[in-house]
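The structure's right below; bear with me while I get my questions together.
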Amino acid sequence: MKISDFIEEMGNAGVLGAGRVYRATNLLSEMIKDPELNIFLSVAGPMVPGGMRSIIVDLIKNGIIKVLITSGANLTHDLLESFGGSHYRNYGFDDEKLHDSGMGRIGDIYTKSEDFEIFENEINHILEKIASETEITSIQDFIYHVGTQITDENSIIKAAADNNVPIYAPGIIDSMLGLQLWMFNQSNKLGLDAVADMHQLSDIVFESDKVGVVILGGGLPKHYSLASNLLKGGVDAAIQITMDRSETGSLSGAPLEEAKSWAKAKAGSNLVTVVGDATVLFPLVLAGALDLVDSGENE
Amino acid sequence: MKISDFIEEMGNAGVLGAGRVYRATNLLSEMIKDPELNIFLSVAGPMVPGGMRSIIVDLIKNGIIKVLITSGANLTHDLLESFGGSHYRNYGFDDEKLHDSGMGRIGDIYTKSEDFEIFENEINHILEKIASETEITSIQDFIYHVGTQITDENSIIKAAADNNVPIYAPGIIDSMLGLQLWMFNQSNKLGLDAVADMHQLSDIVFESDKVGVVILGGGLPKHYSLASNLLKGGVDAAIQITMDRSETGSLSGAPLEEAKSWAKAKAGSNLVTVVGDATVLFPLVLAGALDLVDSGENE
Amino acid sequence: MKISDFIEEMGNAGVLGAGRVYRATNLLSEMIKDPELNIFLSVAGPMVPGGMRSIIVDLIKNGIIKVLITSGANLTHDLLESFGGSHYRNYGFDDEKLHDSGMGRIGDIYTKSEDFEIFENEINHILEKIASETEITSIQDFIYHVGTQITDENSIIKAAADNNVPIYAPGIIDSMLGLQLWMFNQSNKLGLDAVADMHQLSDIVFESDKVGVVILGGGLPKHYSLASNLLKGGVDAAIQITMDRSETGSLSGAPLEEAKSWAKAKAGSNLVTVVGDATVLFPLVLAGALDLVDSGENE
Amino acid sequence: MKISDFIEEMGNAGVLGAGRVYRATNLLSEMIKDPELNIFLSVAGPMVPGGMRSIIVDLIKNGIIKVLITSGANLTHDLLESFGGSHYRNYGFDDEKLHDSGMGRIGDIYTKSEDFEIFENEINHILEKIASETEITSIQDFIYHVGTQITDENSIIKAAADNNVPIYAPGIIDSMLGLQLWMFNQSNKLGLDAVADMHQLSDIVFESDKVGVVILGGGLPKHYSLASNLLKGGVDAAIQITMDRSETGSLSGAPLEEAKSWAKAKAGSNLVTVVGDATVLFPLVLAGALDLVDSGENE
C-alpha cells in the first residue's frame, strides 16, 4: 500500500486520531506548496537520537524549511554522530549499571561515554578555531560557525550552514554542547548574547509573507517559534505533534488554538494538533504530504 | 512511498515509538503467517464510529482473525450503519445544543437520534424473530443469530456469522443494543447467560496450538481476551495499541509484560505495546504486516 | 494543616488541577448534603488492591452511597482479603520471575497464589451454599447472597449486603470470581442473567428524585452508571476522576459534558472532571467534602 | 482531617499514586530537615498563574530552598502581579474572541492586555535604571537587580533578592520579559551572557555538601537543575511531579532513575516521581512534609 492511499483512508475515517493525521498531512502539503509561506520547524525531545536526523537534513537540503528551532541536546547529538559516535539499543533499564558501563540512557536509546569523549575533543578544537577567527554575535551565529567546520554530509548543523537555514537554540547552554562552551569560557572568551538572536529572527518573520510552523514536541522551541511571530500578529498555519496533555496548562501540551488569544497565531489561521509520538507521526505526515506535493493532488 | 518502506525506516530508527511500531508490524506479520496460531482481536473504544469497520470486516472475511472480542457499543454502531444510519462530523462541541438537535457525541464523531430510532425498530424485529425461532444459549449465540438476519455486506456482525468467527461481548448489556434487549425482555423472554460464553471460548483456546491477541484500547475486551487464555498458561504473542497510562494500575494501561505474572501470557511470549491512537496506528501496523506477508520478506 | 484549609487554598488558586479539585470537593459536599439526591459510586481500576477498600466500606456504612457499580476484579480482591489474603509490595518488576514465585502483579501491587487458592476454596463453599438454598435472579442478587456469607466486617460486599446497598458488576464474569463461577457451572446450575439487573437498577433511578454519580476511573462501570440514568433524562450531578485522555474518543476518558448530548447527564447538571490518580485525589476530595459537611460551611 | 493523617493513610495504601505521594512527602521532609542538604526548586509550566506564587515566596523566605530555577514566563507573571496586574478566570475558550477582548489564555487562566501594558511601562523603567547604574554580568545577576527594584512583598523575585536566593532562568529570553529586554536593547546595551550563570551555579553545587532537587513540571528548568550537578556526580535526592509521559523519551517525562545513568543523580540517591498535576500535588506534599518537620515525626 502507498502512504498516500493510507492517508486517504485516514481521511475517509475523518475523526479522532485518523482525522487529525489526515488534516495535518493536507495542511503540510499546502504549506510546502505555498511559495509565499516560510516553514519554521520546531524540534524538542530526543528527535536526533530518536532517528529523525536524516529527515531533518533532507528538509533543509530540499529547501522545505527556512528556519530550525531546537534544543542544545539535539545539536549535541547531531555533532556526536558527525564525530563518529552513535546511538545504541537494547542495553536494559538498570541505570546504575548503565552508568558503571559508561552509558547514558534516553528512554530506550543509549549513548557511550567514549563517544562523548571524542565529542569533547572535537568540539574543543572547533571552539578554539572559532574563537581565534571570528567574533561571535549570537547563538545562531555560533551554531553557523560550528556548521562550517563539520565535514559529515549527514549533519543537520552542516546542512543548515551550507543552505543558509538559521538554527536557533535559545536554551543551548543547557546541554553537553553548552557545558563545553562554559568550560571553554573558563579560560577563553566566547560569550553568547542571549538577546541578539531575536533581532535576526524577527527580521526573517517580517520579511516572510506568511509563516507556518511545524512543532514536534513542546518545550522552549515551541514557544520560541510561536512567540517570534507575535509582533506580526501570529503565524498563518501550524501543525503540532505532541503527547503532552493540555490539562496542566503548560505550553507544551496547550492546544494550538490557545495561541490565537496571544496573537501568536492569526485569527482564521489553519491549526492542527496531532496527539501521539512524533517519531512515528511526523515521518508519516511528511511522507503523505510529499506524496501529495509530487502528485499535485490537492491543488 | 510504500508503507513497507516506511515501516523499514521505523526499524532503522528502532527506538521510541518508531521502534515499537516496527516491532508490532513484524510481530503481526509473523502471527498472520503462523498456521498454528489463532489470532483473537480485542476491540474497545469507538473503533466502529472511528472508521475501522471495514478493516475489521476484511480481517474476518480473509480469515486472519478467529475470534472477535468487543463492546456492545461497537456492535450497536455496526448495526446502526447496517440499518442505513451513519456517523457524522463537524457539529461542534456544545453538548446541550447537540442534545436539542438530536445528536449524540463521541469525541469529534456525531450520531443522529433518527438513526437510533431506525436501529430500535429494526433490532426489535430481529429480536422478535430470534425469540420466536431459537433458544439463545449465550451472548455469542445471540450475536450470531443477529448476524444471520443482517443483509449489509459491510457488517462486522454479518461477516462474523457468515465466516464462523465468534464474537464475544461480555459487557453487551451496557450498550444501546443491551438496552433494547432489556426492554424487549420486559414482555418477552430472551435472557442471556453471562457464564455460558466461557465454555465455548475456552474450547477454542484449548483447540488452538497457539493464540496471539491483538488488543486495540483496553477495557473489558482486553482482560477477557487475555484471561480466556489463563487456563492454558497464557497467550503466545500479543500486540497492544493504547493511549492509557500504566501508572494508575488499571489493566487498560498495563504493560503486556504484566500478563506474564498472571500466566495470561506465556514466559518467553513475544509482546509489543504501542502507545498511541489505534485509529492511526492499527491501520498502519496492519498495512505494513500485510505488505510483509505478501512479499514474504521476513520469513 | 487541615484538609479543609488546604481545599480552601485550592479554591483560591481556582484554576488548572487545583480549581478542579476545589470544585469537585464542593460538588461532592453538596451531593452528600442534598437529601433528595442519591449517590451512585462507580469504581473501575484496582481501587481495592490500591487501598480504597475501607473508604468504600465507610461510604456504604454511613449511608453516603446508595448504589455501587464496579468490576468483578474489585469484588474478587475484596473477597481475597476477607478470606485472609492480602496485597503485597516491593517484589520488583520481572514478571516471569514473579510468576515463578507465584505472584501476580498489578502495577506496583502484588498478590500471592496461595491467597488465591484459599479464595477458590472459600468461594466454592459459598457458591455451593447459595446454589443449594436460593434461586439467583440477577448478578446483583448473586453478589448480595455472597455478602450474606461473609463475616469480615471490613468487606465491601458484606457491608453492602448489610446496608441494602446493591452492587452492580455487569462485567463480573470477566474476573477470578467469574472464573470460579464458570467452573462451578460446569457441574452445577448457577447462571447469571445479564439482563435482569437492569430492571432493578432502573427502578432505583426512577424512585430517586435526583441522582449524582461519582466515577473513579472509566470502563464499563462508568458507562453503566451514566446509561442507567438515560431513561430519566440523565444524572443531576457527576464527578469523574481519571487519568485517561479524551482524544481517543473512548468513554473512559470522555469529558463528562459529552454525557449531556446523550441525555446521560441533564442540561444544566453540575459536572466536574478531575485529571489524576484516583487513589490520591478521591480520598482528598472526599475528606475535604466531609469536612465541609461537618462544618456546614458551604450551605 | 489533618494533612499529616491524610498522608499517613496514603502510606497505608502504599501503592500506585498514593504510595508515590507518601514517599515524596517523606523524602521532602527529610530533605528539609537535613542541614547538609541544599534544596533546588525547579519550576516549569504556569505555576505562578496557577496560584503557586505565595508558596514559592514562603519557601524562599523561610530558607527552605537555596536556588530557584524557572522560566521567563513565571518571572513575567510574578512581575505582572507585582505591578498591580492579576490572573483571571471564567472567560470561556473562544480564543479569537478572547484576543478581540484583549485577553490571553493559559488553559483556564486568563490575562488582560492592560495588565501587560502596565508591565511594559514598569519593566522599562526598571531596565533603564539597571542599565544606568550597573553592569549586568549574567541572567541571574539581571534578575537579582530587577528584584531590588520591586516593592511588592508577595513577589518571588523580590523575596529571592532579599534572601540571597539566586534565580536561574536560562530560557529567559523566550518570554514577555525577554521580549522587553530585546526591545530595550534595540537602543540600549543590556546584553545577557548565556554562559556566565554556569560559573556561579557550579560554585553553589560544589559548596553544597548535598543537593536535593524538587522538580515541578519538566522543560528546560528540569534539565538545568539536574545537569548543574553533573560535575559533582549528581544530586543526592530528587522529587519530580509531572503529567508528562516517559514513552516519548523527552526529558520532561523521563523517570528520575534515568538521571543516574548520566551521573545527574548519584547511585543510591533517593528519587520519587509523582504523576499528576503539580498545582494540587506539590501543595499537598509540601503541607505534609512541613507537618512532619514540625512534629519531628519521621526523625
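The chains carry the letters A, B, C and D, assigned in the order they are written, with residues numbered from 1 in each.
The rule we apply is simple: contacts are C-beta pairs under 8 Å (C-beta built on N, C-alpha and C of every residue); 3 or more make two chains touch, one makes a residue touch a chain.
Everything numeric in this text was worked out from a predicted model, so none of it was measured.
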- prompt: When every step has to jump to a touching chain, what is the lowest number of steps that links subunit B to subunit C?
  reply: 1
Message: Measuring between Cα centroids, which chain is at the maximum distance from subunit D?
response: B
Message: Nearest whole angstrom, what separates the Cα centre of subunit A from the Cα centre of subunit D?
response: 25
- prompt: When the centre of a chain is set as the mean of its C-alpha atoms, what distance in Å lies between subunit C and subunit D?
  reply: 38
- prompt: Cα centroid separation between subunit A and subunit C, in whole Å?
  reply: 45
- prompt: Considering subunit D alone, which of its residues make contact with at least two other chains?
  reply: 15-17, 46, 49-50, 107-109, 243, 245, 247-249, 275, 277-279
Query: Of all residues in subunit B, which touch subunit A in the complex?
result: 1-3, 6, 9-10, 12-19, 21, 46, 49-52, 87, 89, 107-109, 243, 275-281, 283-284, 287, 290-291
Query: Hey, which residues of subunit B end up touching subunit D in the complex?
result: 15-17, 245, 247-249, 275
Task: Give every residue of subunit C touching subunit B within the complex, in rising order.
output: 44-46, 49-50, 73, 95-96, 98-99, 103-109, 139, 170-174, 178-179, 181-182, 185-186, 190-199, 217-220, 223-224, 227, 230, 243-254, 257-263, 267-268, 277-279
